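To start, the structure under review is shown below, and the notes come after it.
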Amino acid sequence: MRETEVRVGIVGATGYSGRELIRILSRHERVSLTYLARSPEGLKNRVETRSAGSEPRFHRLPVLPYEADACVSQCDVVFVALPSGSSGQIAAELWARGLVVIDLSGDLRLPTDKYEVWYGKPPAPKEAQETAVYGLTEFNRPLIRAARLIANPGCYATCATLALYPLIQGGLYAPNTTIVVDAKSGVSGAGRTPTQNTHFPELAGNFYAYRVGRHQHTPEIEQSLRLSDGSIILTTQLLPVARGIYVTAYVKVEKTCSIDEIDACFHRVYDSEPFIRLLPPGEIPELKHVLGTNLCTIGFHLHPNQGVLQVFSVIDNLMKGAAGQAVQNLNVIQGWPETTGLEQEWPFYP
Amino acid sequence: MRETEVRVGIVGATGYSGRELIRILSRHERVSLTYLARSPEGLKNRVETRSAGSEPRFHRLPVLPYEADACVSQCDVVFVALPSGSSGQIAAELWARGLVVIDLSGDLRLPTDKYEVWYGKPPAPKEAQETAVYGLTEFNRPLIRAARLIANPGCYATCATLALYPLIQGGLYAPNTTIVVDAKSGVSGAGRTPTQNTHFPELAGNFYAYRVGRHQHTPEIEQSLRLSDGSIILTTQLLPVARGIYVTAYVKVEKTCSIDEIDACFHRVYDSEPFIRLLPPGEIPELKHVLGTNLCTIGFHLHPNQGVLQVFSVIDNLMKGAAGQAVQNLNVIQGWPETTGLEQEWPFYP
Amino acid sequence: MRETEVRVGIVGATGYSGRELIRILSRHERVSLTYLARSPEGLKNRVETRSAGSEPRFHRLPVLPYEADACVSQCDVVFVALPSGSSGQIAAELWARGLVVIDLSGDLRLPTDKYEVWYGKPPAPKEAQETAVYGLTEFNRPLIRAARLIANPGCYATCATLALYPLIQGGLYAPNTTIVVDAKSGVSGAGRTPTQNTHFPELAGNFYAYRVGRHQHTPEIEQSLRLSDGSIILTTQLLPVARGIYVTAYVKVEKTCSIDEIDACFHRVYDSEPFIRLLPPGEIPELKHVLGTNLCTIGFHLHPNQGVLQVFSVIDNLMKGAAGQAVQNLNVIQGWPETTGLEQEWPFYP
Amino acid sequence: MRETEVRVGIVGATGYSGRELIRILSRHERVSLTYLARSPEGLKNRVETRSAGSEPRFHRLPVLPYEADACVSQCDVVFVALPSGSSGQIAAELWARGLVVIDLSGDLRLPTDKYEVWYGKPPAPKEAQETAVYGLTEFNRPLIRAARLIANPGCYATCATLALYPLIQGGLYAPNTTIVVDAKSGVSGAGRTPTQNTHFPELAGNFYAYRVGRHQHTPEIEQSLRLSDGSIILTTQLLPVARGIYVTAYVKVEKTCSIDEIDACFHRVYDSEPFIRLLPPGEIPELKHVLGTNLCTIGFHLHPNQGVLQVFSVIDNLMKGAAGQAVQNLNVIQGWPETTGLEQEWPFYP
């Protein structure tokens, strides 16, 4: 038996992020999983059917229909990992009732007006949205440390922001130029509900862009980079793999800027970060170098004649892009070593 | 412009078998595609959405909601490729109104009583079921030639029957022993409707058996091999690939039986068959050796000490296992060369 | 038996492009396959081993070690599909001896000096290189018609040039701006020789960029678009699929340029092309919409505030990107209908 | 810093089993990784190239060419994970020099005469082979506890033996009948050296049997089940996935045998096992239910009329089938809790 310090619940425990949270937290030495709930809408019945006889049965905890009272009484901290549109409401409610809440949906990340434009759904309560701290850990530790409500970043936004922020902070980005973020994602990013688009025979051997010009992570990236609207062109594309995000970004840099300067700039920002790995100039990351870990690996290549820097960035969308970063934020809030429960440094490979 | 002789329709044109029929028939020199319909239930709306801007638009024919009158007036021959339970009803109706009908579902393959047990659905009209000729072309040409209503075989049943029939007909099978058919199928065999089981992230990198002991192709194989009930143990398993069926069968053979005898037996039955390829003893087929073709490739290996013959058999489930064999049957009915429209002998590979 | 007009050979018949040529030509009504050879270096022994018992045996033609005399005496036209570095030499020799030659390698596409820089190999004979006509059919028909030596375009170059040329020809491209071509390719583009990088367990579930800043198709695209050196940033990336190329291009367009103008521009150039499909503005192609066909499908999306046009373009790398376009060029040279042998319009899907 | 008790080395650290050992051991609280070596033949240079810039650099330990002296001086325990033929030699040498050695190859599993027949290679020193304890942990704990040289079981053998042993021990297996083991494996089972067969474009979308009738795990299974030669027909088949083994076994059982009896028999043997999960009768495991874990999940289905029991068994071939079981054996030898370092119970899924 491990010594447990904090009682943790998961609302949305049957989705991919919820399951990944269980995978991480069942080995996290400082927490005790005390409450697992599915979506209140019960749309996960379908999901449950198939795995009924498998993993859940072997776990000590049943997955219950969500009830706020049960959740509040059994948890100190709760992760809410429901679809956008309902997640923020529940996160706000649980926060209002005193829990520490980490919301993995997009509901608390954008100001209400932008949320309505990009998500097309009724926004979460304004107070919760305004209070929520954006949980891109590397750039927001002081606020996260004091927070009781976290808006955990989107997977594309995490991968792109980590790739680009040092350039902007370091003044290497040529101001007012358009940054192209050509991003590719594994299918688990689309969630666990089956659709025509994610039907196996359609996607096997396939690849395509979707939501071109209107993906909701676009304003999230601009906001987290402190750039004005329209600075980013984000292309989101579906890879025929289960996991991982690969970002290829194209950034105009100051003409005089050398590869050594760029390298130094990235190292300045990231050298003390436990989850960021910088490759030497010219080396390119692979998607599978991070699967199963909370790492983000970054490489870059300068086209000096064109004044364009290519930045390559990879994460596991369910780890650093969702559940892993959520646990990282929990560790920061609790004052635990940031890598607790996230020690796995060798990828699940092959 | 090709000279057209026969007006052909497809009911169920948006499913995988329906689309494969279009792929074949759009290059078949003797037919003209005159009518494409989707399921009357309109459940294909979902399907249509995604490809709206792609292939269908480039085809001259619209895909209409099914109407019997339109179908009858515009076609001489119709392929019905709807889900079991509704396909046989429509096939029976169109046949009663004078069309030549090839039904790709399981609805007309089994006697009514067996159908009800294994499919658990209301059976098609008894007269149609009793009239329908089982369309495993290689073993049923005389009846097919005269038929106006075809029950096109199931994909597993085609692959297993082609692997086993020569042994039974040739008297090499040890009577009253159990034949094990360990079969693996690509996911397109499950149809185009998305489900949790066929959601990409669940199946990518996965493999599992399903409907163990109760797959509806079991009695179809026993019937087409003229074996008594319970002779076959059929295991159906899902491969994380879009197409293809791979059968590994284990058959008790007479102890005295040599590999040369077995080889001769297969050659006797198949040497004049345009779509069957026999490998020399000991060579093993690969799934991708037949993709995109109407071929069935068969190999075998004798375990003499155990008196067990392993037979390996592969087909493309949408070709020889569905649309290809359906066109082969059309060719037989019309008295055309059996390979018309099915000339592709080199697989789609890699 | 088909009436044969032209005797055709393939040197490099065991590689992926060679096999695809056989797949196409075995159904091409105007040619007769008379000669198949493997690489003179015999490096294909490895390849042959595995499929020894399968397809090749079923084809009437043996695959011989290459000999120029045999090739010259048995063919009118020959496709040379060997690795860059040896392909151009053999193509030049066969052309000098009077055959019509279509070379699928990169050896004859670039001027000698550029070839040496980007390929790092000894160039093909200068006369052959200078005589060879670049076979991007859509933009070079008059020259192709009269040619006896074709430099068949690269797969990435075909896909990118078809996406971009109308914008440049139509004056919509903002001159002297950098065009980003973010390209993704199936693994068959890397050829049939096994390497660590293309070992199945490494690539399954993986994705990564390679040869960043130094892919040899970069100058080929610039040349075919008539742009100056350095106009293109080409990123080549490996998709975990067997086939297909997907190009996402980002082009600065004149600020005043509307989506209707762009649409009209593409239609002006492509409306009479049998193998180009334009999607309506905002619709995005999928990789699997073209597999098994010689088609190129193009879609685009305008970001008006940024003055950036995204163009999406897909081809089957072994068809329009190699063997298919090679046959298209043969058809042009011979004065046959350009779609002969390439009639398949429905993709191999799913 | 963890408290370290035992210094551990890996010879063969760049292969798949070696890397998986690093993945496990870097989180194992009782060991310290002190020595990593590649094959003495240096054939792994190829492997190293590609990942040079990625994981190895981030690990504190360099991967050295193997030298016995260095290994002996720096380790208490060593895992040898080299290809069969060279692994056993090195294991024997290190054991003779006093180390505790766990050999993951097939070299020490079979008596010398059988080894020569099935492996066709020079056998390891006889004394080492005869001393080595077969490390199928569940059935051999007393001997393992006292061992200093372990022959770690093969992946197929582990999966099949765990599926079948209770039936034999419990007297439910009908003696002298042939057991069919239809097994499917992910490609990492073939190791990290690229071959034509494991080239991505050949295997993607493919499936096939290999080494039919002559797979070297056949006698290993018979031996570990204490059955006479020829009792098992093992079919090994390659799945287009990176990881996992799926066994479908067909066993003749005593006619009177009920499903409850079978269920009870399995539970008797496995109820106290930390890594075996039994599914209720009729439930079927999936490959992905165990990936990334050291678990073996077993399900079964009785065909009472035929007297045939189907047993389904899944493992991760690199975990319970190789590195995981090797660490489990280390734990037993050291007297540590058997799950140390192997606590992950939730699969890497999706």
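So that you can tell them apart, the chains are marked A, B, C and D in the order they are listed, and the count of residues begins at 1 in each.
Criterion: contacts are C-beta pairs under 8 Å (C-beta built on N, C-alpha and C of every residue); 3 or more make two chains touch, one makes a residue touch a chain.
Computed from a prediction, not measured in an experiment: that's the story for all the values here.
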item: Other chains in touch with both chain A and chain D; value: B, C
item: A-B against B-D, pair bridged by the larger set of C-beta contacts; value: B-D
item: Label of the chain whose CA centroid is most distant from the centroid of chain B; value: A
item: Chain centre separation (chain B, chain C; CA means) in Å; value: 35
item: Mean-CA-position distance for chain D and chain B (Å); value: 39
item: For chain A paired with chain B, centre-to-centre distance based on mean C-alpha positions, whole Å; value: 45
item: Junction residues of chain B, two or more chains touched; value: 16, 188, 201-202, 204-205, 240-243, 285-286, 291, 350
item: Residues on chain C engaged by chain A in the complex (per definition of touch); value: 178, 180, 182, 184, 186, 201-202, 204-210, 212-213, 230, 233, 235, 237, 239-244, 246, 248, 250, 282, 284-288, 291, 301, 303, 305-306, 308, 310, 312, 350
item: Complex contacts: residues of chain D adjacent to chain A; value: 16, 19, 22-23, 26-27, 51, 53-55, 58-59, 188, 204-205, 242-243, 277, 279-280, 283, 285-286, 289, 291-292, 297, 299, 343-350
item: Complex interface listing, chain A residues touching chain B; value: 16, 46-47, 49-50, 186-188, 192-205, 240-243
